[in-house]
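Have a look at the structure that comes next, please.
In this document, chain identifiers A, B, C, D, E and F correspond to the written order of the chains, with residue numbering beginning at 1 in each.
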Amino acid sequence: MNYSWQNVIDGNGIGITLTGMSIVFSGLALISLFIIALPRVLDWGSRLAAGRDTPSTAQAGASVAMEPSDEEIMAALALVLHLELQHSLGEDSKITISRQQRQGSIWASAGKMRSLSEGGSHA
Amino acid sequence: MNYSWQNVIDGNGIGITLTGMSIVFSGLALISLFIIALPRVLDWGSRLAAGRDTPSTAQAGASVAMEPSDEEIMAALALVLHLELQHSLGEDSKITISRQQRQGSIWASAGKMRSLSEGGSHA
Amino acid sequence: MNYSWQNVIDGNGIGITLTGMSIVFSGLALISLFIIALPRVLDWGSRLAAGRDTPSTAQAGASVAMEPSDEEIMAALALVLHLELQHSLGEDSKITISRQQRQGSIWASAGKMRSLSEGGSHA
Amino acid sequence: MGMLYDFLQNTGFAAMTWGNLMMIIIGIIFITLAITKDYEPLLLVPIGFGVVVGNIPPVAGMALSVYDDGSVLQYIYFGVSQGVFPPLIFLGIGAMTDFSTMLSNPKLVLLGAAAQVGIFLTLIGALFLGFTPAEAGAIGIIGGADGPTAIFLSSKLAPHLLGSIAIAAYSYMALVPVIQPPIMKLLTTKEERLIRMTTPRQVSRKEKIIFPIGAFLICGLIAPGSMVLIGMLFFGNLLKECLVTDRLANTARNAMIDIVTILLGFSVGASTAAKYFLTSQSLLIFGLGALSFCVATAGGILFAKFMNLFLKDKINPLVGAAGVSAVPDSARVVHTVGLQEDPTNFLLMHAMAPNVAGVIGSAIGAGILWTVLAL
Amino acid sequence: MGMLYDFLQNTGFAAMTWGNLMMIIIGIIFITLAITKDYEPLLLVPIGFGVVVGNIPPVAGMALSVYDDGSVLQYIYFGVSQGVFPPLIFLGIGAMTDFSTMLSNPKLVLLGAAAQVGIFLTLIGALFLGFTPAEAGAIGIIGGADGPTAIFLSSKLAPHLLGSIAIAAYSYMALVPVIQPPIMKLLTTKEERLIRMTTPRQVSRKEKIIFPIGAFLICGLIAPGSMVLIGMLFFGNLLKECLVTDRLANTARNAMIDIVTILLGFSVGASTAAKYFLTSQSLLIFGLGALSFCVATAGGILFAKFMNLFLKDKINPLVGAAGVSAVPDSARVVHTVGLQEDPTNFLLMHAMAPNVAGVIGSAIGAGILWTVLAL
Amino acid sequence: MGMLYDFLQNTGFAAMTWGNLMMIIIGIIFITLAITKDYEPLLLVPIGFGVVVGNIPPVAGMALSVYDDGSVLQYIYFGVSQGVFPPLIFLGIGAMTDFSTMLSNPKLVLLGAAAQVGIFLTLIGALFLGFTPAEAGAIGIIGGADGPTAIFLSSKLAPHLLGSIAIAAYSYMALVPVIQPPIMKLLTTKEERLIRMTTPRQVSRKEKIIFPIGAFLICGLIAPGSMVLIGMLFFGNLLKECLVTDRLANTARNAMIDIVTILLGFSVGASTAAKYFLTSQSLLIFGLGALSFCVATAGGILFAKFMNLFLKDKINPLVGAAGVSAVPDSARVVHTVGLQEDPTNFLLMHAMAPNVAGVIGSAIGAGILWTVLAL
């Protein structure tokens, strides 16, 4: 292999970099704008649906939502505490997320049927 | 595409329909007969095994089995109640069937060994 | 098919058997030696790490470890009892090993984030 | 900057067609209906998102879509195009289905046969409209109201229509609570809807264990083409009922069916690129699909009324509507319509019998069509 | 009505052979034994149902059986025919096996080597009966008493005998509680059966973690042909023992092994269509298989007696019978036979050491046979 | 005894090279670091054991390694070599990721874009060193700090470098807690590291549900090459957030991702046979990889400082370092470094926003490179 800037020019490295970074920034900037617009559009939609008679409470609700509840502050503190403890206690203190099953749609009723009949006293 | 009954005749649509419905009905009728015969054959088999000395109790048992137990009536009512509530409460009231694991055969003992040795006090 | 010892000679049956049994024995003998050596090497390594000043306690610990704790004797008895009961009680007494989930590494924090934010009071 | 310009020529914005846009909106509607109306969310959410993904315009020369050789989506779609996923889903369904309602109501099994008339009349309709016999068979199976069966048969008889047929089948299955009630009310009198049925007998464990083996032999021998679907259904059921293989049954009805459902739904959705999907054929297929669900519902109800001519213990003809399968939605619809007439008449357990029989019936129908039309 | 007649010609009833009927009955017997006697239900139920499905007579021209290109069953059987499923099962077994009994009883490991004599003497027997060397090697591995190993080696050396060898291996593994006790009693005296063994030492976590890596290197280097099987076994064990990858170990020993077990058992069963299975070769294979289990059992017991000539702490020679693998049934048999002589002599923990060593031994044996016979 | 001699010639001991030995030691070091230091154990344990297995010397003529046609390891490696496993892992990651930190911090999303400069500067470096454009693109993606993305792009652009690139990517991801802090301290002042950020607003369920669909459309349309990775990521996230498909989301983030992780890690490791891996190219790739992580970290931090020139609510520039992805380790590193300056300044939630944005950013980057370099 020969090291040379000519390779970079031949491979159009600068063009790829400029194109690439432009597109990456455009993509994430669009997502950013989408995220900024989303609650406003939803808010506008729900106010439209509510007949425009309660805009003040909707806004009040929005501003209330800006401050975290006590519950969430507690949760955040608990998380931080947890992360700290993890360092000192090591592997055995890893969290365990319990598996929750949810039977939906097509199979839900079959599941119910089953639990019903198996709960019976026969056989 | 041209719409015409000639297509149906050319495609033998009537023949397929008659053949198909005959076979479907035959299949499910045979299953139906099989289901009807099954408890009688089993009953006859178990009476044969019991030496034919207790036919009356076997029949009594069968007739008793025709009526649902209180337990099952309760279960049925609970099911109906549950299904009704589901409509009003929406998605969050879906049932959750808990996952039960069963270690069998080949691996069962390995599992036991494991739980035994891991339950010990060493490392 | 013709039955004959010539087939065995042609197929080099004796050679394969001798080779095979030699290698199988060598492999498991090496594993056996490895297992025998392993605790000694580990012990020697940890004594080296501890600065060779506490060899007596290390050996004492090793000899203590040779005898099972009460806890483990109980566990062994429970296992035997369990295995015996299994014969008499049949299929329904099979053990159930509960499924434990552990979220690690890459995804661990994502999991924590999730449980944190879903635990909150909002939507 | 020439490269940037070239790249922008290759973005989806540049290549977007009205068809793609329309399909993306359809995909979003599927997701919305699934979430807000709870219509079959386990299928409509994956399919809907797949439709959105499949309608991002492709870049010429890159292997992206299910139709490009060597693309990731094609590998996933392989399970659909070769018919491997549907039997695996049937395995899981078998492991979660309780056939005891059917075992205690053997005569109701015939209602599950009657509703399959929807399959065959739709086939005649499709032939009339100019589809080839193989295509007509694949379209007819929409009337079976059973997604995996429809995908399986389409993959064998008319792979080019698979997307339309699968989407039509799942759409109408989701719409069962909308489609069936008017037909049920039209074809029954108030007296009929008030009929109370006798409490079914209980079923022993032995019957439940022997049933899947015996029923499989009957179906497999009478219609070998249904062997794989029916075999997996009853294999899953045996794993469940025999009690000694609980861990296998649990995995079959949880991790396994979930994985297959995700991959099947997503890749079926992704196969609906506007270019292949938005054709006049798809429109005809959707029309025939609606017809097939109506015919199947009517078939079940009318056959129940016909059976009542000979029976002492009358059948509530509403129960016939559950013969279309669409498990368990059509049984729930029967239950709900029954409750509207008499709030103490619980038809759900009775409706489950033709409901699961309808699954078997349409799988047999698919086996027959495959045998007759593929040879 | 010509079509109906044609169709009926294609039903299974018309094409049924006596062989198919016999195989279906065998399949039902497998299921019955699994359910009523609890003989290896996780394997015999899927295999048994697979045998029933595989013996529904096929329809000429339709891709249904594992032998028809492009059929669903063939795609599933692919994992068997290419030897992919057995290593995945070993991964799960590794993730559920505790090697600490072996780590604390290193001398008992040799019993797991001695029992492999069953493999090689059976190979000689098979050669004598006229099988080719590759076939003889695949048949010999039945003596390893390990299903996945037998399937893996057969898929490499003698794919046409895979069905017979797999069924023989699993049948005799299920029958271990019947086969082994008479041999054990014949070859040991009452005094020997009463020997109490010393309590094994405890094993540290570090040893458990280092063991799978070291043992894999020994096996992989001495018999590279065993690399995949042994590699997966010890990989699974490392996932279990290292404690930082619990979630992977859990999935490997639950969802993953269950899915593979279902697909492997069912498709192995489905490969036993009478036409391919009911041959005089299958009969000879079953005979040789029975022989191999007996020889392996005797090998383990006699080698234990031989070792006792040199040992101060005597080995209870019953424990040698556990060297055949068939985990954990043969260890349980040892335990039970031991209890018959002395109800307070618990041999289970001691028997687990040669039992798991036997798994390693037969995988090494398979690797050797593959190397010697495939080149 | 000739056969024994021949066999011994084929053992690994005989064919062992210094390269193999070195790789085996590297594999054991990976496992040791994963267990003792808890560095990405879910990936380093499988990869490490795979490295050990892949460096057992092969036997000429036997299909054992990932490079031998028809071997079991090759079938498993197929999911890597065809790029199928990475999107499935993204599906699971989507089903366990909460994007609400990002939804409540939209401006921080740009930091996830800035850090991708590591990808493109590394590409320039690789071109300079003489790699072909396609190879350079695959090497550059190491700077994305995202294992599945790196494997996906390498499989498309430079399959022969896949092993080195994957190992480099995962190694440096594991070393993030070592690599990033010095750079973070070098490029920020104490005052900057003490900046407290405002509490983010809460996010509604509706936003969480609409976000994955909208964000997918943006990414898919602007960079269609990222369609599969990003599509699966947001598909998984929709399954999680829509609440009606919980069972699918649970399986995607448990059984499914575990199975794929085991197979991916093990087979990537097994592809590093010394013969293919120990090349001067690999050495250069490791050098460029280290560079790319440093550049990416610096890019994120410096862009945060640049944004602060215009913002009233200042960003703590440490948070920029989380833009490299390496979820969630780099966010944890930010949190830890922040706590060192002020034990009451919790940056974790803020750092998660650029962290997940970085995943999206590098997937877009991969899509662009694939489009530009593969056509």
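Everything that follows uses one rule, which is that contacts are C-beta pairs under 8 Å (C-beta built on N, C-alpha and C of every residue); 3 or more make two chains touch, one makes a residue touch a chain.
On a predicted model such as this, the values are computed, not experimentally measured, just so you know.
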## Note on the structure
Chain centres computed over CA atoms; the one at greatest distance from chain A is chain E
### Query
Farthest from chain C in C-alpha centre terms, which chain would that be?
D
#### Entry: Listed pair (A-D, B-E or B-D) duplicating the C-E contact set, over half by residue number
B-D
## Note on the structure
Whole-angstrom distance, CA centroid of chain C to CA centroid of chain D, is 47
### Summary
In whole angstrom, the CA-centroid distance of chain C from chain F equals 32
### Message
Can you list every residue of chain D that touches 2 or more other chains, as numbers and ranges?
### Response
3, 7, 38, 41-42, 202-204, 206, 222-223, 243-245, 247, 250, 254-255, 332, 349, 368, 372
### Query
Which residue numbers or ranges of chain B touch two or more of the other chains?
12, 16, 19, 23, 65, 68, 72, 76, 79, 83, 91, 99-104, 108, 111, 120, 122
### Touch list for chain B against partner chain E, complex
12, 15-16, 18-19, 22-23, 101, 103-111, 113-114, 117-118, 120, 122-123
### Task
Spell out the residues on chain F that touch chain E in their complex, using ranges where they run on.
3, 7, 10-13, 16, 24, 28, 31, 34-35, 38, 41-42, 45-46, 49-50, 52-53, 56-59, 61-62, 64, 70-73, 75-76, 254-255, 258-259, 261-262, 266
### Summary
Residue set of chain F touching chain C in the complex reads 1-4, 7, 38, 40-43, 92-93, 96-98, 100-101, 202-206, 208, 253-254, 257, 327-329, 331-332, 348-349, 352
### Message
For a test of understanding, state which residues of chain A touch chain F in their complex under the given definition.
### Response
1-5, 7-8, 10-14, 16-17, 19-21, 23-36, 38-39, 42, 65-68, 76, 79-80, 83, 90-91, 99-104
### Query
So in the complex, which bits of chain F are touching chain A?
38, 102-103, 106-107, 109-110, 112-114, 116-117, 119-121, 123-124, 127-133, 136-137, 199, 201-204, 206-207, 210-211, 214-215, 218-219, 222-223, 244-247, 250, 254, 332, 335, 346, 348-349, 357, 360-361, 364-365, 368-369, 372-373
